[in-house]
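Naming follows writing order (A, B, C and D), and every chain is counted from residue 1.
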Amino acid sequence: MESVILQIAARHMRPLLVILSLVVLYRGHNEPGGGFIGGLMLGAAYILYAMAFGVEKTQKSIRISPVALTGIGLLLALVSGLPALMEGHLFMTGEWTTFFSGSSFELKLGTPLLFDLGVYFTVAGMLTLVMFSIMEE
Amino acid sequence: MIPVLPIILPLLFMVVLIFTRRWLAFQQYFSLLATVVLTLVSVILLLDVQQNGIATLQMGSWPAPYGISLVVDMLSAIMLVTVSFIAIVIMIYSPGFIDKGRQSAGYYPISFGLLMGVNGAFITGDIFNLYVWYEVMLTSSFVLIALGGSAEQLRGSIKYVTINFVASIFFVAGIGILYGLTGTLNMADLAFKIRAAGHIPHMNGALMLFFIAFSVKAGLFPFFFWLPASYHTPPIPITALFAGTLTKVGIYTMFRFYSLFIVENALFWKSFILIIAGLTMTIGVLMAASQFDIRKILSFHIISQVGYMVMGLGLFTVGGISGAIYFMVHNMLSKTNTFLAGGLVYQRSGSYDLKKLGGLYKASPLLALLFFVPAMSLAGIPPLPGFFGKFFLIKGGFEAGDYLITAVAILVGLFTLFSMVKIWNEAYWKKEPEEIKKGKLSRRAIAATGLLAIAVVLLGLFAGPVSELTVEAARQVVLPELYINAVLGL
Amino acid sequence: MLFLFAILIGVLYGAAVYLLLRRNIFKLVLGLIFLGHATNLLLFVAGGLTRGFPSFLRDIPGEVEKMADPLPQALILTAIVISLGVTAFALVLVYRFYSVTKTVDLDELSENE
Amino acid sequence: MNIGILLLALLFLSVLAPFTRRYLGNAAGWIFAIIPFAGFVWFLGMLPEINRGEVFTHRYSWLPAYGIDFSFYIDGLSVLFSLLVLGIGAFILIYAGYYMKTYPMKGRFMGYLVLFMASMVGVVVSGNLITIFVFWELTSISSYLLIGYNHEKPEARGAALQALLITGFGGLALLGGFVLLGIPFGDYELTTLFSNPEVIKSSNLYLPALLLILAGAFTKSAQFPFHFWLPGAMAAPSPVSAYLHSATMVKAGIFLLARLNPVLGGTELWHYLLSIFGVTTMFVGAWLSITQTDLKRILAYSTVSALGTLVLLIGTGTEYAINAAIIFLLVHALYKGTLFMMAGNIEKNTGTRDINKLGGLFKYMPFAAIVMILALVSMAGIPPMLGFIGKELIYEAKSNAPSAHWFILIAGFMTNAIMVFLSMRLTLDIFWGKEPAYDKKPKEPSLALILGPFFLVVISLFLGLFPKTMANPLTSQAIMAISPGMAAIKLKLWHGFNLVLGLSALTIALGVVAYKYRDPIISMATRINLKYFREEFSRVFFRMIDYFLIYTKEQTKAIQHGYHRFYLMTVFVVASILVWIQIWNGDPVILELNFRDMPLNLVAVVALIIAATISAVVAHSRVVALIAMSVIGFGITIIFIAYSGVDLAITMVLVEILMVILAMAVLFYLPKYVKYSGTGARMRDALIASLVGGFMMVLVLQAGSSAVQEPVSEFFKQSSYTEAFGRNIVNVILVDFRAFDTLGEITVLAIAALGIFSMIKLTKKIKI
């Protein structure tokens, strides 16, 4: 399946999809989206790439194995529960801080977002893991 | 904080093991250490519950009934300790029996996934969260039972996966309907609402869906088919781990649900459950009698003995429930132990088939002892724990005036004895066949089996203190108000 | 609409059960997927139906009363993902089963052979 | 010394035993005998206090949550039994040390023997029903291990299994009986039971409790029709037969009856049940012994008969009967122990136990012969042995039995005559008579082998000669324990001329005559047995087990048949029945059809999904099925969008795409559809499917139409932005309110992914 068009598309789509997935991830707290949907998009970016260039090359270009990605995702989700403990709250209590608290724009970051990031990585890792295994077969 | 540890620690361990999956030696020792840590945590929880009563934790500080409540009462704590102890034994035992391929394919991390699910099911106080832990547990068990992918395993796992999937669907459908009817998912809140309303229309359909779902998981008649169809297929430590944990989660949940949600029609549910219990214990034990594969005999026995536990539930007196809980602990330990001893038999003689086995009594007194102790415990011979479990149940049954089911339970004991003696007569006493393999036994496996056998003996010898715990646990089950008040802070 | 949806859910469950009872292993998997669909819909419908008012807070007065119940949706999302994982696993299992045993006939699964 | 210490010492010894063989060799028996002997002396030392009417009790906390203690209760009955168990036990250990010289795994054998001894002592000194039961079961298990000692022989395994199942059955019944007994008393302590026995007799639990307890006692003590395991148990080595199957274990049932006589006894039911079973067993046992030729089996049947006699006497319950029971118990233990040990000696010396193949042994082993003959004299009830006193008392008791005494007397007379006959036969046929060609010259047994038999016979002789000074003190308190308020009769050898003496003389005469005409009698008995007892009980037993196994096999085939779809079918059918019953009995469903609520476009979507569903079901190709599947998925997505599920819809689409890709990738490896099932099967499955679909439909209708006050989600709506800083409530629920669910969810994903990964990578065929 060495299609040139696909290869070009995949090469250009990948960064786009990655960025888009991050946007979806961040937006998810207020608008439709979230870690799961973002993760699927991230995964899709790499699957597309793998369809164009083959699994092995894709693996090399990511440098991080899907299994590790899954693990990192789980770990992040787990770790997001810990800051609460330092604050003396119960495990997984949401802790928030605000950056650039201007009037029109503010960047609110909190442990639930970190948790969602964990979901994002896990889903992407799972998706690529499964698809890569099947595609290699 | 502590109530959450039995759930998130296994997850942490799982992640560590995922990252280190290529270093087998590390995996073996780390897993062992991890299970020891889990056991310590569980013991601390148990002591805490014993001193301070039911422990609760609101995840994310969201108050009940909005957030997810974690609740550890005596029953949960007992189950946690038992399961994590079994996990220690399995982790000691595994290296000799799980080949390198399976080990590097994720045997260890997924075992911790299983433990996470099991512990989660014991601890959570939220119905949907319970479903999630069930799925964690089941998915892990799906992976473990198919791990390695021999034809036999695949055959077994297709049945296992499909029937359990169907059960999960019933479970989650029941949750949806219950939410539609009551607007809550917190078990204590739900129980409170049921008691406050007196009657919630249309509840019984959902409750029946739950009953079916848990009956499948627990292996009750007539939903047990997946169990004997699949339990003999994976490597023996996996079977032993399943035997010690999975069906008991179903039973545990049944206890919880019965205690919290059955207010109306109590008489119907009682007699219904007792009938199912009687059929389960009888049919299971009769099927066990006809088998010649050690693993199959033991698998059918799981079913039969699950019947005893459900019988205790059906009695729904402190005596009966306490007996059932004691029986459950005994059964988890003894059953795992017999499976592990069966694995040793296989390692020594290369077969699980009684027709091909023999002479083990003469060949290896230690091996004989390691089987004899748990087998006699299962058969209910004093002073091993099986006797106390049976005795408490019989006492509970007669005192509750349920003579018929108690008579059945007594009679089933005889057949249990028969099958245990059958294994003994054939594999241990019969003259050794000439063509038998003379394998070398793994020391770690012997140590693990021995450790468990010692635990079985101790459980019998310390039946007094243990039964104090089970009576307390039973009291909390019989008086659900304690649970409801602890969670809702009433 | 409740009535129609109830019928739809009934049909989906029925179809799933029918497919599960076939001998062909492919239909078995199809049945599992159908079960998942039926259940997602069941969670959705049983939790109460609200038209065209997604549960996003937009600071509109009185929105909270009109808004759809978000909880069943969250549950369905979780359930969808879980059944995705399990179904994917079942698919691969079936695939592996076929490549090892070279049969799709479930009646050849008999353990007493 | 404390009884607990003695028991622990014995248990410790039994655990140690398997390891001692290397160091102690054949002398092990002598050393092992020290502890039981010490125990024997200790119990002997208790006699004066016991005879003053004292009872020793110890209680240890055991199961406080259930109010059950581990307690001991030592009275005259306990002491008498303990003396027998420990005294005979000590001799048996010495005997076994040498007897088992050539056997493998002697250490384990000794261990089991000591374990048995400990359990037996435990039974007789227990002060609590549950404690009794614990030791009771231990005697069953240790005897199982001992009977199956020659386990490579199928007969030994069969006999062990038979004994275990029969006594195990009894044990379970006994447990049930004890529990029932404990209900009205609220306690299992013997002291509680004895203090007010009327509690149970007036309870309606009396009958079931009595029947269950009797089932336990009768199986253990080999009462007809459970008697057959005892002759079968002769597969065990001789020390076992001598100890378990004559002097001790089989007496456990008798002990139990005696122990509970004050609680359960004295009723008509008790009297009749015990008398009927006892007299039957007594006669049948004796009768069946006539035709035996195996020395040990002869003795086994005569033991059965003796056990019947004991049960009969306890059931009779008069002062004479209880006295007779205790004396006869002592008599029997002493002579039967001797006889079994001698049977072992004879077998060891000649290589056979068949009395037809024995003869003329007197000249080779005169001393041993005299010992054995004295025991046989005691068995025949001839003075001056204690057996004579026993038999006199029995006749006395029987002739005074409250009911049917003529019948009992005649049965007893016949039985005793048979005993005389057997004694003569064993004496004359073994020690005199025709001498076969022995392989090697028989000789006197060595000291360890003859010590036990000798002492037991001497004791029997002395007790017979000096009954008042020796036998009375041993037994008087035991009699009182069985039946409070009864006095021990002053025992004497010579009663003067009376009816009983006449009966004795007649018995002996009949026995002698019978011996004279032994050949016609034996052949007649054989003919009768062939006609009426054609099947030996134990063969019936094993055939029953065979039938049982065939049944279970068929049942397994019928239930665990291996057909996956029938498993699923069972699940669905049963589930449908159960749920439909709930719906049927539940609240009525009120259905409101509101057509304005049905926008046409959505109705069309629903119709489309249904159509797709049906086509997926009936599709003949996989492509159609997959397309239909995705139509369904997207249709559901539309429904989600229409009813405010935005996140849901996006996720559903993505998942659906993924699922189709996966399904295509995986399933197209599979071969094309083959039509497997016929129309009938399809109709049946359609019916089941509609049952399941139907109840789901009704449940959804019920849930969807019920209005809920204040669902918990109100809180989420209120506090999603204010407390969790998110406007997308669904997402906030997922990552904050119920983040724990999501944690589990991604764990499922990770595990499933790992599973898929490993299933694909791990293609190697792996065993285990």
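The criterion applied here is as follows: a contact is a pair of C-beta atoms (placed from the backbone, for glycine too) under 8 Å apart; a residue touches a chain by one contact, two chains touch by 3 or more.
Just so it is clear, the model here is predicted, and its values are computed rather than measured.
In terms of the distance between Cα centroids, chain B is separated most widely from A.
Comparing chain pairs B-C and B-D, the larger number of C-beta contacts belongs to B-D.
Remark: chain B and chain C have CA centroids separated by 28 Å (rounded to whole angstrom). One finds 25 Å separating the Cα centroids of chain A and chain C. Chain geometry summary: the mean Cα position of chain C and that of chain D are 50 Å apart.
Along chain B, residues 8, 11, 14, 18, 59-60, 128, 132, 135, 139, 142-143, 146, 149-150, 158-159, 162, 166, 173, 176-177, 179-180, 185, 228-229 each make contact with two or more other chains.
In chain D, the positions touching at least two other chains are 560, 562, 564, 568, 572, 646-647, 651, 655, 658, 662, 666, 696, 698-700, 703-704, 708, 711-713, 716, 727-728, 734, 736, 738-743, 745-757, 759-761.
Contact with two or more other chains is made by residues 20, 25, 38, 42, 46, 48, 54, 56, 71, 75, 77-78, 81-82, 85-86, 88-89, 92-94, 96, 106, 109, 111 of chain C.
Residues 646-647, 650-651, 654-655, 658, 661-662, 665-666, 724-728, 731-732, 734-736, 739-740, 742-743, 746-747, 749-750, 752-754, 756-757, 760-761 of chain D are the ones touching chain A in the complex.
For chain C in complex with chain D, the residues that touch the partner chain are 1-27, 29-30, 33-34, 37-38, 40-42, 44-46, 48-58, 64, 67-71, 73-78, 80-82, 84-89, 91-96, 98-99, 104-107, 109-113. Of all residues in chain A, only 30-32, 36, 123, 126, 130, 134 touch chain C in the complex they form. Residues of chain D touching chain B in their complex: 18, 61-66, 104-105, 108, 130, 133-134, 137-138, 141, 144, 148, 151-152, 157, 160-161, 164-165, 168-169, 172-173, 175-176, 179-180, 182-183, 208, 548-549, 551-553, 555-556, 559-560, 562, 564, 567-568, 570-572, 574-575, 578-579, 582-583, 585-587, 589, 695-696, 698-700, 702-704, 706, 708-713, 715-716, 736-741, 743-745, 747-748, 750-752, 754-755, 757-759, 761-768. Residue ranges of chain A in contact with chain D, taken from their complex: 28-37, 40, 66-67, 70-71, 73-74, 77-78, 81, 92, 94, 96, 108, 110, 112-113, 115-116, 118-119, 122-123, 125-127, 129-131, 133-137.
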